[in-house]
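Chain IDs A, B, C, D, E and F follow the sequence of writing; residue 1 opens each chain.
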Amino acid sequence: MYLHTQQLINEIVVDEPDPAAANALQEGLGGQFGEMRTMMQYLFQSINFRGDASAQPYRDLLQGVGTEEISHVELIGTTISRLLDGSPRYNGKRTDPVDQPGAKGATPLKIALDTSNIHHYLVGAQGALPVDAAGNPWSGSYVYNSGNLVLDLLYNLMLESTGRLQKCRIYEMTDNKAARSTIAYLIVRDQAHENAFAKALESLGVNWGSVLPIPKTNAEQFPEVKKLLDQGLQSIQFTFSADDKSQADKLYRGASPSDDGTELSTAVMPEGFPLTISPERREEFSPGLDPELLALIQATAEAEIRSAEGE
Amino acid sequence: MYLHTQQLINEIVVDEPDPAAANALQEGLGGQFGEMRTMMQYLFQSINFRGDASAQPYRDLLQGVGTEEISHVELIGTTISRLLDGSPRYNGKRTDPVDQPGAKGATPLKIALDTSNIHHYLVGAQGALPVDAAGNPWSGSYVYNSGNLVLDLLYNLMLESTGRLQKCRIYEMTDNKAARSTIAYLIVRDQAHENAFAKALESLGVNWGSVLPIPKTNAEQFPEVKKLLDQGLQSIQFTFSADDKSQADKLYRGASPSDDGTELSTAVMPEGFPLTISPERREEFSPGLDPELLALIQATAEAEIRSAEGE
Amino acid sequence: MYLHTQQLINEIVVDEPDPAAANALQEGLGGQFGEMRTMMQYLFQSINFRGDASAQPYRDLLQGVGTEEISHVELIGTTISRLLDGSPRYNGKRTDPVDQPGAKGATPLKIALDTSNIHHYLVGAQGALPVDAAGNPWSGSYVYNSGNLVLDLLYNLMLESTGRLQKCRIYEMTDNKAARSTIAYLIVRDQAHENAFAKALESLGVNWGSVLPIPKTNAEQFPEVKKLLDQGLQSIQFTFSADDKSQADKLYRGASPSDDGTELSTAVMPEGFPLTISPERREEFSPGLDPELLALIQATAEAEIRSAEGE
Amino acid sequence: MYLHTQQLINEIVVDEPDPAAANALQEGLGGQFGEMRTMMQYLFQSINFRGDASAQPYRDLLQGVGTEEISHVELIGTTISRLLDGSPRYNGKRTDPVDQPGAKGATPLKIALDTSNIHHYLVGAQGALPVDAAGNPWSGSYVYNSGNLVLDLLYNLMLESTGRLQKCRIYEMTDNKAARSTIAYLIVRDQAHENAFAKALESLGVNWGSVLPIPKTNAEQFPEVKKLLDQGLQSIQFTFSADDKSQADKLYRGASPSDDGTELSTAVMPEGFPLTISPERREEFSPGLDPELLALIQATAEAEIRSAEGE
Amino acid sequence: MYLHTQQLINEIVVDEPDPAAANALQEGLGGQFGEMRTMMQYLFQSINFRGDASAQPYRDLLQGVGTEEISHVELIGTTISRLLDGSPRYNGKRTDPVDQPGAKGATPLKIALDTSNIHHYLVGAQGALPVDAAGNPWSGSYVYNSGNLVLDLLYNLMLESTGRLQKCRIYEMTDNKAARSTIAYLIVRDQAHENAFAKALESLGVNWGSVLPIPKTNAEQFPEVKKLLDQGLQSIQFTFSADDKSQADKLYRGASPSDDGTELSTAVMPEGFPLTISPERREEFSPGLDPELLALIQATAEAEIRSAEGE
Amino acid sequence: MYLHTQQLINEIVVDEPDPAAANALQEGLGGQFGEMRTMMQYLFQSINFRGDASAQPYRDLLQGVGTEEISHVELIGTTISRLLDGSPRYNGKRTDPVDQPGAKGATPLKIALDTSNIHHYLVGAQGALPVDAAGNPWSGSYVYNSGNLVLDLLYNLMLESTGRLQKCRIYEMTDNKAARSTIAYLIVRDQAHENAFAKALESLGVNWGSVLPIPKTNAEQFPEVKKLLDQGLQSIQFTFSADDKSQADKLYRGASPSDDGTELSTAVMPEGFPLTISPERREEFSPGLDPELLALIQATAEAEIRSAEGE
């Protein structure tokens, strides 16, 4: 069973809307090597896991990383949503409300014809979509779960490394601060997960020499990334275990396979940052409530207050 | 952020392996109206939600149902896994170990050629797959999130009703007790979610008359379903809120739209049932560890014990 | 603009339910070379057609064949629906009503686990689906419309020939009379369409020698097909033109390219056979109306009668 | 059976070519909530319909709306074709013929590299494609036909509302008059179809309060839309019934569920506007006939005239 | 550039037709981890390879394995074709010609309704298809080519191991000798390729301990596999280099990473076995030539002979 | 079996990077009518070929064209790779190294947000992808192999003509010399293949009149194309037969069906042009080796030299 807390796993820095950056981030959300895929892959590997009791630390490691990935989906989805939100007004530098089409037959969503994925405005309402940066919908065929422990670990190591590689490339595509705050965070967490699967393979006798982390090139020189590396975020693994039964710490310990001199350690979960609700966008008919319907919602809210007071 | 607890949301009754039932259940896991879809749809609707503060109960309702769906993915995935596990040996009524191919060139996986989805044995290792009952991989194009609140609620009501309809049909396809224990549970929870979205639309002025629940036909006469209805499980909604900030109870209250005379109420989460790990299946090379690798795992486990003792 | 008349383009002979035959026919409905594809391909070719006034007969030929294909979709879809309808009861040789699950937890849809496409019972309600015989959904990528007249005609000739080839193979897979009455009809109409596109290419100078029709092998020896060939149905083309403006007869005339000694000719439309409505299937919850909802429908119908009497 | 008449269901206002607008309209043609989908969904629901004689008005309502959707496919496809036609020459403001590549190795199709979907020029010949605005091919998996009447009606209401929502958004993306004439028409017809399915659900006891139409926001203030609403086009339903056997009028009558004070009524079909043929585009090799082949076509046409005179 | 020689890379043992085995082998041809995928992945990695001159051995290793995979596609495709060929007649134990439908309306292809993929008889003519064992078409999205050398090698190692795992499972599904001769050969060649990529990673400092080969379990005990292992076929790599410029031998040398005590070595290509042409199947209308067309082919052949004699 | 030689089938003229042209060429590589498709289609048709000995020339013709298509995949893939390579630096007119992100948090891959397919930089490393120009992955469902010889030949003729049509259109989209050198070459080779299949159909009695080649329009006036036509490259067919057993010359002889006065003839293979390796691109982390890993590669290379000297 899963629980949710109204906290984001990392803070999203505030910056201007940026639909192009939002679209690049879609690869990290709905791409073949994005967060939806890691999340689903590890959840399936946990559900279908085989072995005797001594194998439980491997299962718990998978379950813990998989649970973290749900929060990554939430983080990168929210980031995309914020990068898109308000972009029609912003890009046109308009100061008047965008939704006055009735009066003049205006085109407040004109921006949609010039952006990377028109669906961000036409199918969604300036929000994240379960697709990659080229618009392909996420597919269940991405999920790899052979049932062979060595193969599943090897695949996972490659998967995290590819995710990290792609995020390093996205970092080089945009300097929007909101986009970069999330990308930098995920670059570091992907390395933490590379460490997790590499360490599990080390326990089976593999010696990685100096090939890790992949990509090898100096990601730590990206300023936003370096800041997080200095905090050691690449060498800690969260269990996200509400009943604290995870045995992942039996594997995620000792010298980091990343060859950076750090020691691996575990914790239950990070502190978190408040989740907020996005504002209404009338040009999208979202949420699309007219005064009459809003009055009904208001009435429901007030009834609740009265009810609470009465209790 | 999300947390996990090593508990299943409902108990899976023990019965014999049944690959045909397992395959039918795949529709409930990876089908267009299955649990992966409801889960993803509500998570995206929560992430992209728009409105002012008075709309928060609607967002929290979506988030709560979405979080529950992750546990449903876990439940139905585990059920499929158990229905497949050991089926090669079982169906052949063999008493000798199935994996002695070396000695005789035997065919311990012959059953795979006669089952509904050969991938259950060939791509997975007698485990659940992210596909529907006809073998189609789950697709991100299933997710509906228009951003328009009324439309999203209307779609969700239809989605839960269709999920429930399909599960009623699956119920009529198999009497395997393991399959039915999960199907019956999900039929009732789908009705609870029908109630959630119908009630939210009631708050906007819709009156459902007597069309709910859908399908209207007497599902409550299915014995395993009736037992759960008698417990009122169709009229309770869990928030799965670890920080108890959910305002879903402002909507999920009062008379049930299902016209069954019950009152709706909320709770944080149900009690749960222990998760277990599936046994090794040598004919699948899963987990595929030979004595040397097993010894390494054992050594790791023992080192952990010593380490724990030393602390 | 299009009009509909409550008539089927050919009569479906009555025979017993046959889900395996129904599934084979799905290739003719939703397959890459099935009726949904020919229909969409010719409608797009008509919409996007280019040329001066002298090219109108080519456009009208495409439009006429395309309109006929909509009726073919209706015919083969209805045939599949009839082959599936009642199959759960029939195959089990049960004489008691199939939907008494409430009383005993029975499995009236058990047949679904042993049929070619479980979706016929689980997603649809013993009805046709827009998929092929292997369960793949129909795709817009099938549609070919290069805009080059010679190429479009060449493709269409190949398309009709492939459709006819596949239907000849389906004919050899089943002797169910309902299935065969539709398959035989479509084999002959596909030849009529082969003639249409071959003749159009003849008007541009191609001489087909004796390669037509394709497949060359003696389809006319299939008894149900021979009967229709004897009526000359392979050498007539309907315009389905409500305003009789079609110029298709400028091309579809003269000696048949099929080298069978017939002369081609046109007509507006065939006579047609009555459409009927399928019965309720309670085990599918279809249409799923309980007594209360049925009473409402009945009330609507009666109100209509009174209203009509009052006028 | 279906008939065709060489008339468009609405007039397309003449304006300049506009490939970006054309691409946005593709969502309305080949998108998940576009006209190809509504057409196919209602045709399948009609073919597979279940019930006794009293349910016929529901079947006929589905059949009538479905038949209208074929004409909508024709309308929006033709609009896209006109918006693309001639765009290479237009955008380059060239006055010389675009197809003189032989002489100079020119690049008359250069525009294709900068447009939303290069396939409009590369795969098609400046014509409509069966894809959505993001280039995804139409899929049979879109079609929903559960067989449960309430669910099918609920889905159809949501489908028409989503189609209308997306068209309102497209309206806000472009002020091209050709695009808007079709979009405005379809916004109003989608509302007529919302009314159809909402009314059918009313007959089963649902009361919609004031949530309809969806989206609620003042679409009637879009000038082109308002003009059609003033004519009452949102409250009439065409049966497109060539044999006038449709009983759709038993449902589509009485006060509009849209809460706009109008009364619903039915008619057979609208008047229609002439269909024309698009001109040759040599840079696309479309239709690609050289003088020799054109002479053959001319000869065929003349032979026809002589033949007609001789009769 | 590529050349072809009319030789199969391995001999296919003769056995009876077996459509179920044929379908299982489709995973090895068109599956996500099958030969079409390895072939395409390595060809793309060769084409897009980056590095200075010292990296050429890595490129040549990829190119050589990729070229071998084309021959594997040929081998497994031919095996599937032979397993399907003649199955309608064989399975029915018929002694009369299967294609006499004309006389009696017989059903010579009835077997198709009971087999794993009806397309083997309906779309193809008892021949191999570019799909996997569950009927999914091969997809370009399978191809992995990140451009990062370590990641590409790691992926390739995992890919070959997964291919080998799946083939070991297929081995356990069927004892048809034709199927097994090809499966056993590919199990051993996949290990040779595991060695190739593992060795390349060894050159970058990775030490595999004893985890290789994957799956670890005693595949060498499968009799047909053991025979090939005894010949050392798992430790030789062919360059398939027509101009003998490959530098793959700079990597594929020294002790095998499979920890089996063998030394790796290279050669240009194996000896090969004659390719033959499949017989006509009249029930499939394949090749579908009637006496008149056959006479034309014969005439062409004879003209060739006369021409050759005349030269 | 297949062999490879380190030669390209045609020379790629050097020009500046051009991502837009690269993307247009993707249609020719991974599109529905591109080289991956022709390659796979002819290989499957060869593998599954049926007939007696007199049919061998047809099989060998298919095999020869299919083998050539592998070299076309190599040619067009390499061309795309060269058009993308270095485009980030080029377009920004930067003279400093692009990969100094660490120092300044720069955005060396910013170009990716403005190009036709962001995956060229994000998923690949400035290299070719197995997708079409709209980003759709190549699909096995493209492959046509009915087993009926006449149909397969007819389809192939249409396929080559469509490929040629699309390449003529791409020619008109870009004047980049590298792109055009490959496009012009493939236009001419597609005509050679049109001739092959048209001639094979001629041997069965079809007379093409003057419809060939398709498209008919004066492609020979494209300067780069004309040069190759003057060399007669459209009238020669290579067998790519390493053992010279191909009988394709029995069909590919005599007057060209293209009606251009040439005589058809065959040869084994063209001369070829050297293959080179692309340079490192640090901004893509490709190949991504740091000094330590490069030293290891160098050491391997040197060990090889010493070893060779020692031998």
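The definition used in the following text is that a residue touches a chain if its C-beta (ideal position, glycine included) is under 8 Å from a C-beta of that chain, and two chains touch if they have at least 3 such contacts.
Since this is a predicted model, take the numbers as computed values, not measurements.
Trainee: Comparing each of A-E, A-D or E-F with D-F, which pair has over half of its contact pairs in common by residue number?
Mentor: That interface is repeated by A-D.
Trainee: In whole angstrom, how far does the Cα centroid of subunit C sit from the Cα centroid of subunit E?
Mentor: So the centroids are 38 Å from each other.
Trainee: Just give me the whole-number Å value for how far the CA centre of subunit D lies from that of subunit E.
Mentor: Chain centroid spacing, subunit D to subunit E, equals 47 Å.
Trainee: How far is the middle of subunit A from the middle of subunit B, if each middle is the mean of its Cα atoms, in Å?
Mentor: Between these chains, centre-to-centre, one finds 23 Å.
Trainee: Going by the contact rule already set, what residues in subunit F reach two or more other chains?
Mentor: Subunit F, residues with two or more chain partners: 32, 123, 135-137, 139, 141, 146, 148, 150-151, 165, 204-205, 210-211, 214-216, 284-285, 288-289, 292-293.
Trainee: Quick one: label the inter-chain contact graph as line, ring, star, complete or other.
Mentor: Graph shape, chains as nodes and touching pairs as edges: none of the named types, so other.
Trainee: Where on subunit D does subunit B make contact in their complex?
Mentor: 32, 136, 139, 141, 146, 148, 150-151, 154-155, 157-158, 161-162, 165, 201, 204-211, 214-216
Trainee: Using the touch rule from the top, collect the residues of subunit D that touch subunit A in their complex.
Mentor: Contact set of subunit D toward subunit A: 20-21, 23-24, 27, 31-32, 116, 133-136, 165-166, 168-175, 180, 210-211, 214-218, 220-224.
Trainee: Would you tell me which residues of subunit E are touching subunit C in their complex?
Mentor: 99, 101-103, 105-110, 112-114, 117-119, 121-123, 135, 137, 282-285, 288-290, 292-293
Trainee: List the residues on subunit F that touch subunit E in their complex, please.
Mentor: Listed in rising order, the residues of subunit F that touch subunit E are 1-9, 30, 36, 40, 43-44, 47-59, 63-64, 67, 70-71, 73-74, 77-78, 81, 123-131, 137-141, 143, 145-151, 203-205, 240-243, 245-247, 250-251, 269-270, 272, 277-281, 284-289, 292-294, 296-298, 300-301, 304.
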